[in-house]
Structure formats: C-alpha cells, structure tokens
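When the chains are written out, they are named A, B, C and D in that same order, and each has its own residue count from 1.
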C-alpha cells in the first residue's frame, strides 16, 4: 500500500457554522494541503465546504463523500466526489476513510462520525473553543473501553501537526 | 402501510453489560412483546441478547440486524435476522428501522445509534440509572437543533409505555 | 440460532409487472406462508407487493427492506419494514437476508440481487416462463466460478418446495 | 461543482484475470490517466490492480473503494482508499462514484456493478473480446427499460475516447 495520508475534517454543517468556524475550517484545510495529506470531508456545506476551500487554495486534493447519489450536490471545492446514495449513513464511510480526524464544533452528525471513528480506533483531534458536541470530549474517551483518547489543539496548525504525529507513529 | 410498531432496544453489548443490565433488558423485551410491538435489536450479545430473550419468552417477535453477512452470528433469540454485511455501519439501519428507541446504558455503538436516531427525529427513552453514554442526555437534546428531546424512564414498564405514547401520538 | 427460514422473492417491480406476474407472485407468497417461512422482499410494488399480499392472506409474516428512509413507502402488506435509507444499494441487503431466493421475471434490479445472492452462494430458483432478465440463467451459473447453479421451477408450489429443499439440505 | 471526471474500471478480479486482461486493464488505466480523468476501481486485484498500475505509471490519480474496513487491503497502486467496510455491497458505491464505466471481462461482481450502474443510468463501454459476463451485453440494454445502451470498443484507447464522449455530451 502506498496510499497518501487521508485526514477527515468534520464539524458544523450549514446549520450552526459561524464565520469563525469557517475561518478555522479554511485554515485547517490549508494546513492539511500544505502537509501533503489528502482532505476527506462530507462534501457539503459549513465546515466541510470551508475546509475544502482552504485545501484547494493551498494546492491540495479534496475528496467529498456525500449522502446523495448525485455528485452535483457536492460543494464546488471537491476534486473527487463519492456520491454514496446512503443518506446520513455515509457518516460511517467518512470515518472509515480517515487515517485521522480533526473536529471543529459540530452537531449530531459530527457526534455519529466521532462514535464511528472511535469504534474503529481512529485518532481524533478537537480544535478547542469551537463549541458544539465535540468540546466535552477533549482529553477524554467516548466510553468505558478507552479505545482512543480524543485530543485537543489550540488552532488548525497545531491540530494538523498533532494528528499527523498520531497517524505516522 | 399496516406494519406493526417496531421498537429498537440499544445499550451495552457483551462488553459492559452487567447482570443488572441484562435483567432490565430482559424486562424491556418482555414489556415490548406484551404491548404487541416488534422488538428490533442489533442481534448480538449483552442488552441485545437479553432483550430478545425477554421478548421471546413473552411470546413476542424479534428482529436482529447484525454487522456480519452470516445469520449464524445472531443471538439465539432472534426470529428474523438481517445479516447486513456492513459492519458497524449497521447502527444506522437499526436506528432507521425504529419507530421508537429504548436505551439501556451503552458505549460508543449506542452513541452512534442515538446520533443516527436523533438525526432522523426518532423518539428515544433512556432507562435512568443504567450508566454508560446515555445518562447524560436524559431530558436533553443531542445538539443545538433541538430535534427530539431524549426522555427518561424509571423502569422498563414505564419506558415502553412512554415510547408507545410518543410513537402513536 | 433459532431463526425462522427466510425466503426472498424478487422480480419485476411496478415497471414490467403484468397481471400474470402478480398472480404468480401472489401464489408464491401464499406458498411461502403455508410452509411457515418468512417472506422477505424489497417492500415496494409489482412482484414485491403481490407476494406480500399472498403471504399475508395465507397468514404469513412479511418483511420489506426498502430503499427509502421512511417506512411509509412500503407496500401495505409488509408486517415489518426495514427502511434502509440506502437507495437501490439495499438490493444487497435483500440478498443477504435470504436463506433462499425465488425469482419471477425481473429487470436490472433483479439482476443486481441475483448477482449479490450468487456471490454469497445463496440458492436461487427461477419460475420458468416469467420473462425478464432471469430466464436465461435457468440451469446455469452466473459466472465461471460455478458458485451455485440457478434452478428452474414450473410454478410457485414447486418453486417453494425446491428452494426449501436447498435451504435445509 | 468543479470535480474531476471519474472513470470506473471493472472486470475480472484475481479469479479469472489472465495476463491478456491485465495488459488491457493496464493500458486502460494509462489512457484514463493521460486524459486527465481520475481512475476509480474496486481497489483489489486482477483488472482493478492492473488498471491502477497503468494509471499511476502514466502519472494519474487512482481511487480504490474496497470491501474491507482497513485500507491495507487495497492494492499498492491506489493513491486514495475508501475502506467501505460494507463487503461486496461496495459494488454499488463503485457504480455511483463513476461518471462512466469501462468493463473488461468480469464475473458476478462485475455483473452487479453493471446492474447498479445501469439503474443509475451511467454510460458503460465494454472492451470487446475480453470474455466473461459483459460480452453478451455489447450494443444491448440490461433490461426492458432501455436506460442506457451498453457500448463496445475494440481497445483501451477507443474505450476511453468513447466513454469520455458520453460523459461530456
């Protein structure tokens, strides 16, 4: 296997995403691209769109795995689209496609992706002070199994650095 | 559509399920069967197995939706088995197959099912004092969307009564 | 495992289903119910609906696994509905949920279910002279692997008898 | 949407793939890469591996959508791996991810992908004289709906040219 490193970015979609979240997501996408990793996302709006935007502006490669069976639903910054046709069940595909995950705020969709990622023992880094469902899990485990501790980072640059250290270690 | 009412029971699997959880799950399955509803579960061990056991002993009908592609992995109290072949992604199938959900303790798998159910606006009742990931959500919403408030019940009988009132209302 | 025998009926949906197909599907559902087996189907129209109708009239139990995430799309003869939310990808769930399969005519959806069933080595019986994509495979294999020979039967009664003999052998 | 053109190559896996199939698949991957399109495949052996090999040698980008939930099962020529964790049900993901499809021989898995692609009205080109399940469909429709006529091409170069003309028209 000689595949590239794949980093999933998850968090607030259009519903709940503030300009501040978008800025953080854009920078996260940019840092991922600069590292040479591929950005995976859910391919729609909010944090997904902003992170793809940032990655593309930095010359990176972006993959969007969307609920619909039609690629035209993907945001305009996806280079490759996987139109899963599985509805929100695609949250598990996102998690499975990640070598590591960065979380920015988020609602129940983000929570399902974190749970899926945790069950598959994927490293996760939450960007601190971005609100939503993810904050309560910084430095904690999702359940009693202690599969993977969810880490925190102060900003996009640190988050990418940290997740890369967990992926390659 | 003249389908029967379908109630999903989720919670601790073999890892984390105590005799007390099993007793509660057994009674929950029993109450579901007595109400005439069909019990849906993830078809494996712990709370899944005990609730199927209770439902069958009370003359009910049980459906197990399992991760594997081979029905022999299902517990011995499933009347019908859906061997999804989708791994843990089947958590979404469980949630989608429910008219309402009863939660008994639970780990990260339970959390992914609750998140999936919440996104699809399914009524949920957590049995109180059963620990795990679900307790913190009693009388709360999973996120800022306020889709469906997660309710609490003191015991299996009340839980089934409450979920039925939410399904048929 | 003490689950019941599960027989999947596939074939023409609303598009392509003639009154003759419906009559055959109704009788097939009826024979399945009389045998004590559970009828699994795709839960929608055409052969799916008619077979559910026949099974229910004969006192049987019917399960519909549908593409939509909303159970109200199922036909009115389904006792249990699995609203997969996966679109036509649910064809694989149908095949996986079968101990054996009876085929009545059919188009490309039926072909995908036959291919899925063949890969998972499920016994299949085609009712002869029902047209569609399935006729060409009577007494043949789907590919060079010779996984399972697809059998033919002259009528619903013989088809159910034959598939049961393959399931329990 | 500004995604790249995505061409799926399907056909014999390790079981059934001859050196001649591999040569054709390699050239097909190479032609896809030269056209600037992304190669999508099932990410495993046989035609999948050889087409990825050809695409990578020509400087192209390759995506493998595999049945397993672990990316290490992908062949060594995949740049991006989607470890679906869905078993062979991933055949539908392959079809949905394609703007157009090129078929080289193939068994029952290829047939399920063709059926899935046909239902979603994706253009398909079969490379002639490559045997397997696909040859019988050249210049034909999979069923009575006449969704999309399956085309034939004499060689990889013509196949890529033809599928591109169908995608962009």
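Note that in this section a contact is a pair of C-beta atoms (placed from the backbone, for glycine too) under 8 Å apart; a residue touches a chain by one contact, two chains touch by 3 or more.
Fair warning: this is a prediction, and the values are worked out from it, not measured in the lab.
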| item | value |
| --- | --- |
| Of all other chains, the one whose Cα centre sits farthest from subunit A | C |
| Matching chain pair for C-D (criterion: over half of the contact pairs shared, by residue number), options A-B, B-C or A-D | A-B |
| Chain pair with more C-beta contacts, A-B versus A-C | A-B |
| Centre distance in Å when subunit A and subunit B are each reduced to the mean of their C-alpha atoms | 29 |
| Whole-Å separation of chain centres (CA-atom averages), subunit A against subunit C | 40 |
| Touching two or more other chains - residue numbers and ranges from subunit C | 69, 85, 87-89, 92-93, 120 |
| Chain-level touch network, classified as line, ring, star, complete or other | complete |
| Subunit C to subunit B touching residues, read off their complex | 1-4, 6, 38, 61, 63-65, 69, 71-72, 74-85, 92-93, 96-97, 99, 120 |
| Subunit B contact footprint on subunit A (complex, rising order) | 15-16, 87-89, 91-93, 106-109, 111-112, 115-116, 118-120, 132-133, 142-145, 147 |
| Touch list for subunit A against partner subunit C, complex | 69, 85-89 |
